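Look at the two complexes coming up: chain A is in both, with chain B in one and chain C in the other.
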Partner chain A sequence: MIKKKAHVVVIGGGILGTSIAYNLAKMGLRDIVLLERQYLNSGATGRCGAGIRQQWGTEMNCILSRESVRLFEHLEEELEYDHSIEFKQKGYLFVIYLEKELEQFKKNIALQNSLDIPSRLITPAEAKEIVPHLNTDRLLGATYCPTDGHANPFHVTQAYAKAAELLGTTIHTYTEVLGIDEEGDRVRGVRTDQGTISCDIVVNAAGGHAALIGNMVGIELPIYPERHQAMVSEPVNIFQNPMVISLYHHLYIQQAPHGPFIMGQGDPNEPKSFNIEPSWQFPLEVAKKVAEILPPLKDLKIVRQWAGLYDMSPDAQPILGESPEVQGFFTSAGFSGHGFMIAPYTSKLMAQAILGEEPEMHIDMLNYDRFASGKLILEPAVV
Partner chain B sequence: MRIENHPILTFEKGPKVKFIFDGKEMEGFEGEPVAAALHAAGVRVLSHSQIHNRPRGFWCAIGNCSSCNMRIDGVPNVRSCVEPLKEGMTVETQKGKGDLNA
Partner chain C sequence: MSDDKTIMCRCEDLTVEDIREWIAKGYKTFEEIKRVSRIGMGPCQGRTCRQHLLRELAKATGKTLAEVELATFRPPTKPVSLETLAGGEVDD
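Showing the complex of A and B:
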């Protein structure tokens, strides 16, 4: 039976929903319900490329990811998780092919270094020392940050969900939100296909579906869904330490700790849509590029291909905070493909904002009214 | 025993050819699955389980189960039960998950 009453209802059973519920519970809130339309991880989190990087081009993304890495380093202990979250720090190597890319990367590195992120610009020869099987033809240079890496999104979400439940959070899966009730300019409850929950605060962590949830309280969140595809190979013995990522090719390739290679590609012409059908073109296009950049990988066999939704925002930075129009309605979405890696710290800040405490870092500039005032800071480093 | 009539796969049994298995010269018929040639030659262990290193042999025989993954002509994780035998092939028992680069 669904709970009839809660202080906070969190919508979305991905990394953001579960980690926000956990942080609220950790701060003492015992009256939290998390709603998930399908099962935990069924959306973008369970379909993501599982990378964690701090090499970003905006101050906010840099800080959110740097602090999240610090939390990832001790997450198993903090959440008292029985398994490994498969966190590794073997770096991210950005390969650079164009002069204008190089200029942007130089700016990004200066920004990252000013924020204590240990990234650096390196030569093709140095890149080859880090990834010996890298094809350095046409390569102008690379950037490398040794503390970037990987974690298993399924385990991380599960760890947050279990920790939240131990602290009293109720999680209802297979429960779809149909509408949000308001009273005056406040939220009052959430209607679901399993019944209505009255509540004071609603947190919209619905990823690609966040705009639909916003519509339920009459606000227009500029978040739209965009299909991104990925595939994974058979496991082989470890021989590639860092994630290799090329903005020029819209491509990333990493070897997960138990051996398989995960690779994904963004399509600049991908239309806005909820489509998550994998395409037959994708493995062909990716295989061709991967065989060129990392030649030995041509012998890998692909065992699975899938697609998921990025929750895109106009400046590729998340939309965080309370709605100026509807009191008690908080949004944490629009992560534009990097929600998993910045979730640990973002969720902490969100919990502080929801409980009205002084936040460790101000996130006002990520509220969605930035789009009306035109204060956009465009993130340049997105695949 | 030699697989002559596979219940699912069809293959042309060609002339007798030589191949190398773990350094030893062996014989089989061109076009039959590598694992079929090994089986006929009395080889029962094709791979080892990844965590406990237990022996694994012929199992699904149709390229699904990965129990017969071997290193063939330097490529790891080749499903020997569906890979046609060719003259002069080098077939090796694979160590662990296989080295792509070795």
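Showing the complex of A and C:
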């Protein structure tokens, strides 16, 4: 049943695994197998907040997200997908409550503008024009980028997977990776519960499980899983255009194109673990904050609550590239909660690196050896 | 009357035909069909459509109803307003 041989084996059926497989196939590679332990989207991608933003605090994330937005704009056509990916560009509004935050946001906006991202610092009154139901008490200001937005993670992943399959990629779902075989300092194959696949290259796109995959070739990737929760309301008429996000409250709230409000919160005290059980405290905490920031939303009825894993890295930047220790072993993980929105461009760069081409944007500094040499690229703007 | 136009998921307005199309496209489990079609993701959280979808999946895969896997049940059991939740854990 399972293929016995491939040039590249991609581990992980989320947005990164499927988009890397697609980009490799698009560049002409026909010998790709993608492995997923459960079903496509069963991990972090299918549990994410579905936001897409370019308002970042490092040049790296700004470029990765800006180029990804350009790709999202034409993704349905590029992938010839037969369903909408529900891409919308109605902006992201960051609400600012602390002086110290304001200083950081000013720096971020200057950086973003220098990279052609059309974000701007606005007053509380201007913010209220964009989101009329916003409570502006205690608000110092806001930043707004009109080309940020939303896409449906389920459909984006399926779109990449279908396009990759049309170009010859084989996808094995319900196939769990048990080990990776090496020969000398090279990868030689992947052992699964359905049989062994011999291969030249392994791509680790296993999200929160990426460190476990790294251990299979004896390397320590500083990526750890951390539960993040979200909940959603029943659909209502559209009345909120941008995502409203507060770093102060560790909170984000957006209305998806078909009407429901999706809201999530990061808990700074969340321990490292594979736990994805929703907590009873989460809806109570979020409801209090939402009722304060966006008062009319208090009438919304919550229909569902869930949790998923962020694949955290120490500087909240992804770990990309080939292992300096094990040839043919590539990692694309550690996205720290923003993998979905930067996947279209990141996957393209990864495919270029895997095929031995010079990636159009340098990603060398994103390899995991940056942690040993202390060259971290700390992202200040994460929830 | 053809039953293909019968509404299977009232919350998301999906017909039997819609669901059969997703199954024909290769989505063969409850979790997968839920994610692409939104069946069972509306206010009733699958109370109405769950049994119908299970029967369609059993038919399509040759499994018995008991063998078709359910999707994860998620809280809350019934829709709850944010105002009620914001009231906190104290009894009123």
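Note that in this section the second predicted complex is superposed on the first by the 383 of 383 C-alpha atoms of A that agree within 3 Å, B and C clash if a C-alpha of one lies under 4 Å from a C-alpha of the other, contacts with A are read in each partner's own complex, and residues count from 1 in each chain.
Here is the rule we go by: contacts are C-beta pairs under 8 Å (C-beta built on N, C-alpha and C of every residue); 3 or more make two chains touch, one makes a residue touch a chain.
This is a predicted model, so every value here is computed, not measured.
In the superposition on chain A, contact is made by A:G259 with chain B only, not with chain C.
By the document's definition of touching, both partners, chain B and chain C, reach A:E234. After overlaying the two complexes on the shared chain, residue contacts for A:H133 are found with chain B alone; chain C is out of touch. Of the two partner chains placed by superposition, only chain C is touched by A:K288; chain B is not. Put simply, more of the residues of chain A are touched by C, taking chain B and chain C as the two choices.
In the superposition on chain A, contact of A:R30 is made with neither chain B nor chain C. Once the two complexes are overlaid on the shared chain, A:H362 sits clear of chain B and of chain C alike.
In the superposition on chain A, contact is made by A:L300 with both chain B and chain C. Across the superposed pair, chain B and chain C both touch chain A at residues 234-235, 297, 299-301.
Within the complex, the chain A residues that touch chain C are 39-42, 46, 83, 154-155, 158, 233-235, 258, 278, 280, 283-284, 286-288, 290-291, 297-306. Interface of chain C with chain A (complex): residues 29, 31-32, 35-36, 38, 41-43, 45, 72, 74-76, 79-86, 88-89.
Per the touch definition, chain B reaches chain A in the complex via residues 50, 66, 75-77, 96-101. Within the complex formed with chain B, the residues of chain A that make contact are 133, 234-237, 239, 259, 296-297, 299-301.
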